[in-house]
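Structures follow.
After this come two complexes, each holding chain A, first together with chain B and then together with chain C.
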Partner chain A sequence: MPEKPIKGEKRYFMTGNEVVAYAAVMANAEIMYGYPITPQNEIMHYWTRMAPKYGKEFLQTEDELSAGFTTVGGVLAGRRAFTATAGPGNTLMQEPISMAEAMRLPIVVVVQQRGGPSTATVIYSQQEVTLTTIGGNGEGFRIVYSTASHQELFDYTIKAFNTAWKYRFPTFVLGDGYQAKMRESLTMYDPEERGQKMIPTEAYVGKPGVPGIDRPPGQYRNTYNVEEEIYEVVQQYTREFNAISPEVAEYESFGTEDADLVVVSHGVVFRAVKEAVKELREAGVKVGYFRPITLRPLAEKELKEMAGRAKALLMAESANGQLARLVKDAIYGATAEIHTLYKPGMGISAEDVAVRIRSILG
Partner chain B sequence: MSLQVAMPKSWRVDTKPHKFCPGCGHGLVLKAVGEAIDELGIQGKVVYGCDIGCSLLSWDFFNVDTIQTHHGRTTPVITGIKRANPEVIGIAYMGDGGGYAIGSQHLVNAAARNERITVILVNNTQYGMTGGQMAPTTMPGQKTETSPYGRDPEKTGYPTQGPEMVAAITREGAYVARATVAKPKQMKDFIKKALENQINGGGFSFVEVLSTCPTNWRTNAEDTWNFVEKEMPKYFKVGEIKVPESRHEEGK
Partner chain C sequence: MAKAVKIVLAGEGGQGVQSVAEIIAEAANEEGREALYIPNFGVEQRGGVSVAFLQIGDEHIGSPKFNTANIVVALSERAVRRTKQYVGSDTVFVYDSGLEGIEDDIPANARKVLAIPALQVASDELTPRVFNIIIMGAVVKATAVVTEDRAKDAIEKKLGYKFEKNPKLRDLNYKAIDRGAELVAALL
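What follows is the complex of A and B.
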């Protein structure tokens, strides 16, 4: 049995969902649990085609509740386990994700956002930011990577497994229908050949030895009797999440030092923003961009510094300000004017962004 | 001189006495589970999952690896573990609300997929932990907090026949039985067979156990026992409902 489908580095031209399936195989993911929902389906399609060739497992469940909870089970058994979902499936999956948060279980979830609310469209949106970052009955102890290209889908799907198992917080790759279905060029590689070691997994249950005789039993709960108990648990998780946030948070920025206006965006919208800002800069307009790669945790310090310097910010997203709410919370106190370009459930082009910037700057 | 109560070896002594109400049937079921684990020598292989509801109070009950999950979700969690590590013996322990209401889709589909796990479902005809509401298993005419004038089958249907349903949707290899805390030896026998079926790689194994809840039934000892021993079996037939073909042959 060949160990991995890719040796060395190779250029490919394929859809984002196919990229995610390859990335999971290359990251030594061992089992996927899933339930069909557009636009993530092809992740399962490609995974199930590769699975028997590379010793991987797949279980198609009865719904996303089950897909999430079986993924929780896979992680408890010590396997690199993952699932993928979108839209209403993401809503259902909040329940197992909250259990994973409560018990620090390193599940990996790929979300390919679609339009909302409700069934809406199966195509595209950025409307699952709130749900993915802080959904569920809890405090959002999660790490969320928002990708903007197929290369990033590959890189961050691999990285998500390591982030999850290193910090033991549920970890997400947040894509969207455009990234899922579009074909694009990228370089795929074996991370271990590049010196990127996969962090070893560890079983929570089913370890060797008889509990109570050779070792203590592994016993895990998410229920508590009194206020003080849960308060202490949440306080500890908060401290740990805050402590790792600076090293987990990722962003990229350009021109923010002298910009009159900085465009804040994430995911596929950032591609349009990058193009618009580059063109306007070449035309002598003082604009820049700030793009959070992790939506949770945000690069709060850098965001705040940027917002303290800039005269104005333009929040651009295919949602009614879901990223903006997170950003405004992070930059509270900054004096930059805030402008918006919200197109919920609709794509945003470079021209949309450029026109909006020119109208703001006059 | 104090009386030394015989506890199964697989029980955690340090978490006893247990947290269930006086007269609750869970202790009896968990004793049968513990004895079955002991007799089969699988303490080092069992992964035990408990649901939400009173069953969650067993999260530190045994000296076996244990995971306490969400309401109705123990079936998929144990399924996920067993799929990822087929070496373990997976036990999903839940109540009738968890198995037949909020988690019924998981029970149905795990059974239909013939998952190699053992589900033990304790039927005490109502939701215990939340304070005695009507459950899928509430008997016709039985008073609960949400059926205060008695369950009216015209409006709320008849009690779920769980094992009969599971038997109907499973294929050869499954083990399905209904036990009762009123017959502890038989209960242990059924639970043991359900575990053996998983150990042998047979198929989905399911045991419903008729149990007691004097707290929410608001019954004294005599009425409690009368209800579980005489009333419940009138509707919920006790016995093995489906056994693997190989066992029939052994018995010939």
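What follows is the complex of A and C.
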């Protein structure tokens, strides 16, 4: 067994893409499939740099469709497999991701959001929320973690593999170009040294024995003949997804009990929100925040409770309301007034958030 | 707890502003401080203005980009025009005194405007190649985000392999740090 690159716990200072590559190695991922696209390229670069030393494999495909389908193939063969993409690559990858949803395959996909629509910018956005949570021709049977720091990129990339293999739904780590390219400190570790066991993988196909005699046949389908069949399957998946949602959903909140205004945000924008809210609280302003960590499933119960108490909400995101659409659906019926701070394709600073809060509260 | 110091460094591609930001960030991290460095990365490799955003503090840093910096360093005419937007009433604006045609673009709202002859010092006293290290010395002196010794350690870490082959380079880089610090100290 080749050694791992990290022993014990150690502080590092590096880019987010490098963090993801390390996390995948530390999570015992076996193979990455990928096609280059900025701003996720360095995930591939660092993975391939480490691969020969730690017994890992890499396959560069001809496009993102193939990268997604080969990841599906890797998982069918029982490999802890992942891919990474962004922007137009994420669009192309929806087809194989839909197949993974249909066949309940635990693929792991890291998305570093860039500006959209189309090629747009290679820099940054939060405009891939809709695509990542409910993209594809289906019902969004996916789990999506939206990270806000390098520590979370490391923690949640590791966690994503276990979530995927435990529940058998495609699982995403949703970052962005800022997180991909910025450098900050984090502590990396070997999850197994912390008692965090990696869930064993198993092959879907190519198992020993005669199907139907020595073992149940494996029937992994993405094609159906009659309406009743697909209806039953989707109903079954929906029940299972809804059943696991409360234990999968994660969020963090602050000051929502007595806040006049609660700021709802996710990902890197949450950093700005946290900074602004903390500062305004110290100045005596009654503000709070609610940050979904999983964008799918959302912490619906907690969101609804919060929105039922708050007088007003401020939705802050680097998109034109993609998170807000998900949240509004979850809090339907709540009477809190909804304000917005949307900067599609642009960063949001703590100053921007503070100015907006003050303009709302007067 | 004091707020993080916010720094914007801007210049032409190849002037080394990204390396300077990265070295300072790593020096701060080595000191156990919190640092966050993000380059702008668009089409700069193909001839735009290169901007580095750097924040150093004692707590986990908030948003990676910001509206107003504590110090803005602009090393080319275009960089002056590009970075005006990050200047506020609390900002120290530093530019190279050799730049031409920017008189009308120097931000009038800055707390302080410092023109330093870094390009000239680099070519007259040292070598143009250490121009960015002079700038690094100036930034470190003006912000005190790390000590000058720590900045030198960080350079050693980054370029040590080159210094092994040519020890004169080490002296040159250390001198560049000192000269950059002097240029700013005289004006602060």
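Please note the rule applied: the second predicted complex is superposed on the first by the 350 of 362 C-alpha atoms of A that agree within 3 Å, B and C clash if a C-alpha of one lies under 4 Å from a C-alpha of the other, contacts with A are read in each partner's own complex, and residues count from 1 in each chain.
Operating definition for what follows: contacts are C-beta pairs under 8 Å (C-beta built on N, C-alpha and C of every residue); 3 or more make two chains touch, one makes a residue touch a chain.
Everything quoted here is computed from the prediction, not taken from an experiment.
Legend: residue contacts after superposition of the two complexes on their common chain; A:Trp47 is shown touching neither chain B nor chain C.
In the superposition on chain A, A:Tyr167 makes contact with neither chain B nor chain C.
Of the two partner chains placed by the overlay, only chain C lies in contact with A:Arg183; chain B stays clear of it.
Of the two partner chains placed by the overlay, only chain B lies in contact with A:Arg221; chain C stays clear of it.
Shared-chain residue A:Pro211: touches chain B; no touch with chain C. In the superposed pair of complexes, A:Tyr22 makes contact with neither chain B nor chain C.
Set against each other, chain B and chain C touch different numbers of residues in chain A, with B touching more.
By the touch criterion defined above, A:Ala272 reaches chain C but does not reach chain B.
By the touch criterion defined above, A:Ala77 reaches chain B but does not reach chain C.
Within the complex formed with chain C, the chain A residues making contact are 11, 13, 38-39, 121-123, 149, 177-178, 181-185, 268-269, 271-272, 274-275, 347-352. Touching chain B in their complex are the following residues of chain A: 30-31, 33, 57, 59, 61-63, 65-66, 69-74, 76-79, 81, 95-96, 99, 203-214, 217-223. The part of chain C that touches chain A in the complex is made up of residues 22, 25-26, 29, 34-42, 60-68. Of all residues in chain B, only 10, 12, 43-45, 47, 52, 56, 59-60, 62-70, 73, 76-85, 87-88, 105-106, 108-109 touch chain A in the complex they form.
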